[in-house]
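Alright, structures below, take your time with them.
Below, subunit A partners subunit B and then partners subunit C, in two separate complexes.
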Partner chain A sequence: MTLTTQPPVETPPAVRARRARRAASFSPSWWFAVPALLVYAGVVLYPSIVGVFYAFTDWSGIGEGKSFVGLANFRAILGDEQVMGSLGNTLLLTVAILVVQNGVGLLLALGVHAKLKSRTLLRVIFFSPVVVSPVMVAFLWKYVYTPDPSAGLNGLLGLDIDWLGDPSVALWSIAGMVVWQYAGYSMVIFLAGLEGVPKELHEAAMIDGAGTLQRFRYVTWPLLAPALTINLMLSTIGGLKLFDQVFAATNGGPGYATETLSTVLYKQAFVYGKFGYSTAIALVLALFVAAVSLVQIYYLRSREVAQ
Partner chain B sequence: MRSRTFLLEIVMIAVAVAFLFPVYALVTLSLKSPDQISQTPLSLPNPPTTANFTEAWSAAALGPSLMNSTLITVASLIALIALGSFAAYFLARTATRLGYGLYILFLLGIVLPFQLGMIPLYELVSDLGLIGTHAGMIIFYTGVQMPFTIFLYTGFIRALPREYASAAQIDGASHLTAFTKVVFPLLRPITGTVLILNAVFIWNDFFTPLLYLGGSGFETIPVSVFAFVGQYVSDYGLVFAGLVLGALPIVVVFLVLQKYVIKGFSSGLKG
Partner chain C sequence: MTDLRDARISRAQFFRMMGGLAVAAAATACSTNPQSGGTTATGASGAAAVDLKFVGVADQKAPMDALLAAYKQAKAGVSIAASYAPTDQVQTSLRTQLGAGNAPDLHVVYPGSGSAMSMTEIAKAGLLADLSAQAWTQTIPTGFKPAFQQDGKTFMYSAGSSVIGAIYNKKVFQEAGIDAPPTTWTEFLGVCEKLKKAGKVPIALGAQTPWVTQLINYALVPSTVYAKDPTFDDKQSAGQTSFAQSGWRDAMEMYLELQKRGYFNDKPNGTTFEQQTSMVATGKAAMAIQVSAVLPAFRDAATSPDDLSMFPLPGSDDAATVWIPAGVVVGLGASAKGKHAEEAKAFIDFLGKQENINTWAKAVAAIPLTQDASSTIDPAVESFLPFTKDRAVPFMDQRWPNAEVQPTHFAVVQELLSGKSTIDEALKKMDEAYAK
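After this line comes the complex of A and B, so read on.
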């Protein structure tokens, strides 16, 4: 048997160049993003940029002229009882929803995380309102909140409260229906977090003599940080933008008691025709949403890292 | 330990029963006559009547609305998945500054409330003659949900090995073929999440269809139900039959696919 040693084959330059081109071309080219960008730019970016411009004009209706008025709209907002009231309502609602929805969501998650026979059914029940249109949920709750003392929630609990008609109660009633609809959403996100907590950690803590509460505080809670981040972000942004439920249940009433930024800017545009002013309110809303998101991302990320 | 679990089970079932009270009110009232509603609002319907349902179905125009909602949702989902996964493939694989800037530009859309562009967009849609059309709504949802769709796809593709596509390309496949034949099938789990989250959002969206489709005859279910309730506001049995029928399609789909829907909602936002 003879071994013929062949000289190493020189790769011809043309082949090398082709290979290099191919390697670079393994990364998809930029035009993959163009169709998505075009639709996104047309529907979101361009209108939002024009919106920022409108916020500084006095435009009051399609076809009417618009002139630049500087900060006049924003000065008007500061003196507008309805808008400032709606800003206060929006913040109160957001905080109430944030705290209660996540508190309830966490308790539900802890409950159905245990080895219950009915756990799957319970999860489905608590989650089901999430998939229904908020407008329909609001109409349902409008009846649950009927002032009639023999029907709805009053009839069930033996109360006599005008849930949506009493200005001092109405805002909290709205928060209640939002929590009822979305507690299940918080629940499933917390559940995903709970399922990610290794059993070994609990066993180790148990061997060290930790009780249920201690194990929750020192083992489960720190590991729920990512789920908490997502939940707080979702409920804050949802609360700040709240529109459908209020529009369907009270339309901002009684008086301005449940008016939110979204319902006020809707009315300013489509009831009073003040397009410039309405967009200025929308810009305020956008700044709140952006500021809150940034603060939350920053704060909660640092907490995740610290633990 | 076992008795504690049992106790917890009892407590959780009690909570679930209380939680379902509004649903109990919804279903029982929809099966009652106006007299029963005013006299015995909380008891079971005796005898139950289905008159509300037949009347609500035609009065709320739920048949046509179901068609409109289905058409708009399905077409928007196809556009979102096709364009979104395509763009995300570039955004996830590129190392250029352009690619990163573009990604941030898309993410901006998640935070931006749509109200900021609400009026300029209305002008644009109106200038293009798309008010009161299915096409207008489909383009709207494709644009408005694109940031979120791209966010989900990009995160998923980044965690996917590059070698699958490279191997196909060494074998002579073009970018397009490598993507459609090799990469896209690997995206199935995240495509499911994208599908579920966007479907629930689009199906239930209210404000924009109210603005663009109100009075056009092409209303989606939430808009039709809204108009219907406004018209029959004091007739609770009829209104509630309308709500039951309006909510039924998505609730049935949810119950059939509950495992996937809950998974989609709980996993899709990790990031």
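After this line comes the complex of A and C, so read on.
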């Protein structure tokens, strides 16, 4: 294969001027962002910062009575079995979702990227669960996961498993429904990455004698790195703050088997009436998610550059 | 033709477009009905009209629908907009509203203490109006006062009490050759055995729905704990006894014995309240240990509602020491901070009239708080009446000191049913939650 380099074609001055004008009319000043920033500051930033204050109090969520308790809430978190148990559950769920959702998403993307007749229809079908509310998905899956051996998933697979009622299975059942819902989301991001892989590189590799697997390993995979970064980060954040599906499907049960950090902090605030303590857990969760995301993005970005 | 994607707009055009959008948005925002917030407007009659808001729990819809219609007739000029949600959602949305200082004029309140929306918790925060001046509060039976009152003042209205026992399908019992409901624990086990042999699920249990998990213990504990020591709550509160040192252990052993003997449906932890209801209503299962307030739901699901009735679950082998749980039905209170506290209190005063107590109690199959000649008692709960005088105790959580004990109880029962825990561990967790 021969690569030819052509000398760059000189752009005529009139065209350059027109392009510059067009560019100027399409780059609004920074103050265009001010209304949006003000709304964001008022609705998100301000309440979040004020909320931090409650993490250092024993406020019950109602009434005026609250007193400053220093770091007591944070010390209590360390000794709280329920919080620590839910942290373990959250991490397990996150890893399971991260691996399976992105694996399935990538396979789906590769499948519908191929020259299939029905690929547009398939893309729509695989993506459609994403647009359903997570709570609705959980309610639907409660039917799929019915313990009746002759119905639902049990009936389909000829099994007799108590999907949501057996503490050693329930967590994975929840991971299953989350993957079902969001694999299509990962698929779309991978698909965008696949569309961006130049045909010429595949052609070049084919001429060099690379097979399908080799082309995936040495051409597609490295160029998918940015899509992978986004997908891993989104599924990590989604997994760490998982709430709706758990709340609707098992409410943290049986026992504490599917309790996540988000369901625990919800219960502390609204069921136990410990608003201050709940805010402290929320703060720790937020810092934890931020730290994990930063580490992840730092590592994956450096991997993108290296490749 | 210019492709839409290539079309350019000038700065002036852009501002005109944005201006138009802003005006449209402002117009939409302003058109929101200003009366929805509970403001005073002029009514059709010309007198000042008051709009009140009520937020209740789903079980309250049936009685409130009837009584709101009656109130409209009785008092023109006051209209009450009511909305209802399931227990969990009400706890979230109402607590947030109470915390933010925009509570509805009237809202659901849970009796006693022991939940985040309980009378004691909200009254302590100064958010409930004092109802003590109303006539009906003078007739609250002494045993029920802790559910309604804090420091001697009444803060909650409730129309009566409900009981926990076995809701059973009479037809299934007859088909299995059982003529009369059991009156002792041994007899109860015998009945279950007969039903099992007849190919029926003796007891439907929907333990995936958290609140259902507690009911069998609640039905047994009056006999295993309170019949032996009616002052148990006071002693526990003083730290002289605990769950682990009491008849709670016996109750849990009896609960698990029912499971061990195969008297529950398969996989109770994967079964919901709705499935439990339909199993009994359709005759697939013979009974469910439930609170009488859900009898209407069971009847709705049944093809012949008259087949369903209730009997007290005998938690003792001596019929004379069988006690029952009878708790005050979930009630409502008036916001102390609302603009229309007086009008809201007037509605509660209306609810306190005997005929309205009767209406409410009838709608939820409850025993009316006070009774007159026109009071009716659901025939299904008649077998509980001999107990209500001196062999009944309020639902256990109504005396628990914080909102953490009850959810802990739900969780440990699910763990016990799944075999992941022991009774010792369960009682220890409950004692720890009690001490918090």
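A few points about this structure:
Following the convention adopted for this analysis, the second predicted complex is superposed on the first by the 272 of 307 C-alpha atoms of A that agree within 3 Å, B and C clash if a C-alpha of one lies under 4 Å from a C-alpha of the other, contacts with A are read in each partner's own complex, and residues count from 1 in each chain.
By definition in this document, a residue touches a chain if its C-beta (ideal position, glycine included) is under 8 Å from a C-beta of that chain, and two chains touch if they have at least 3 such contacts.
Quick caveat, the model's predicted, so the values are computed rather than measured.
Residue contacts after overlaying the shared chain place A:F275 against subunit B and subunit C alike.
Shared-chain residue A:G155: touches subunit B; no touch with subunit C. Contacts of A:T236 after superposition: neither subunit B nor subunit C is touched.
After overlaying the two complexes on the shared chain, residue contacts for A:D244 are found with subunit B alone; subunit C is out of touch. By the touch criterion stated above, A:Y185 is placed in contact with subunit B alone, subunit C being left untouched. Once the two structures are overlaid, the count of subunit A residues touched is higher for B than for its counterpart among subunit B and subunit C. Within the superposed three-chain model, A:W30 lies in touch with subunit B and out of touch with subunit C [touch as defined at top].
Of the two partner chains, neither subunit B nor subunit C is touched by A:T260. In the superposed model, A:T94 makes contact with neither subunit B nor subunit C. For the contact definition in use here, the residues of subunit A common to its subunit B contact set and its subunit C contact set are 22, 25, 62, 266, 269-270, 275.
Taken together, the subunit B residues at the contact with subunit A in this complex read 5, 8-9, 11-13, 15-16, 19-22, 25-26, 29, 41-42, 79, 83-84, 86-87, 89-91, 93-95, 98-99, 102, 105-106, 109, 111-121, 123-124, 126, 139-140, 142-144, 146-147, 150, 162, 165-166, 169-170, 175, 179, 200, 203-204, 206-207, 211, 221-222, 225-226, 229, 236, 239-240, 243, 246-247, 250-251, 254-255, 258, 261-262, 265-267, 269-270.
Residues of subunit A that touch subunit B in their complex: 22, 25-30, 32-37, 39-40, 42-52, 54, 62, 108, 111-112, 114-118, 122-128, 130-136, 139-141, 143-144, 148, 150-153, 155-156, 180, 185, 188-189, 191-192, 226, 230, 234, 237, 240-241, 243-244, 247-248, 262, 265-266, 269-270, 275, 278-279, 282-283, 285-286, 289-290, 293. If you check the complex, the residues on subunit C that touch subunit A are 8, 10-11, 88, 91-92, 95-96, 98-99, 116, 121-122, 124-127, 207-208, 210, 266-272, 402-404, 407, 410-412, 414-415, 417-418, 420-421. Within the complex formed with subunit C, the residues of subunit A that make contact are 22, 25, 60-65, 142, 145-147, 162-167, 250-257, 266-267, 269-273, 275.
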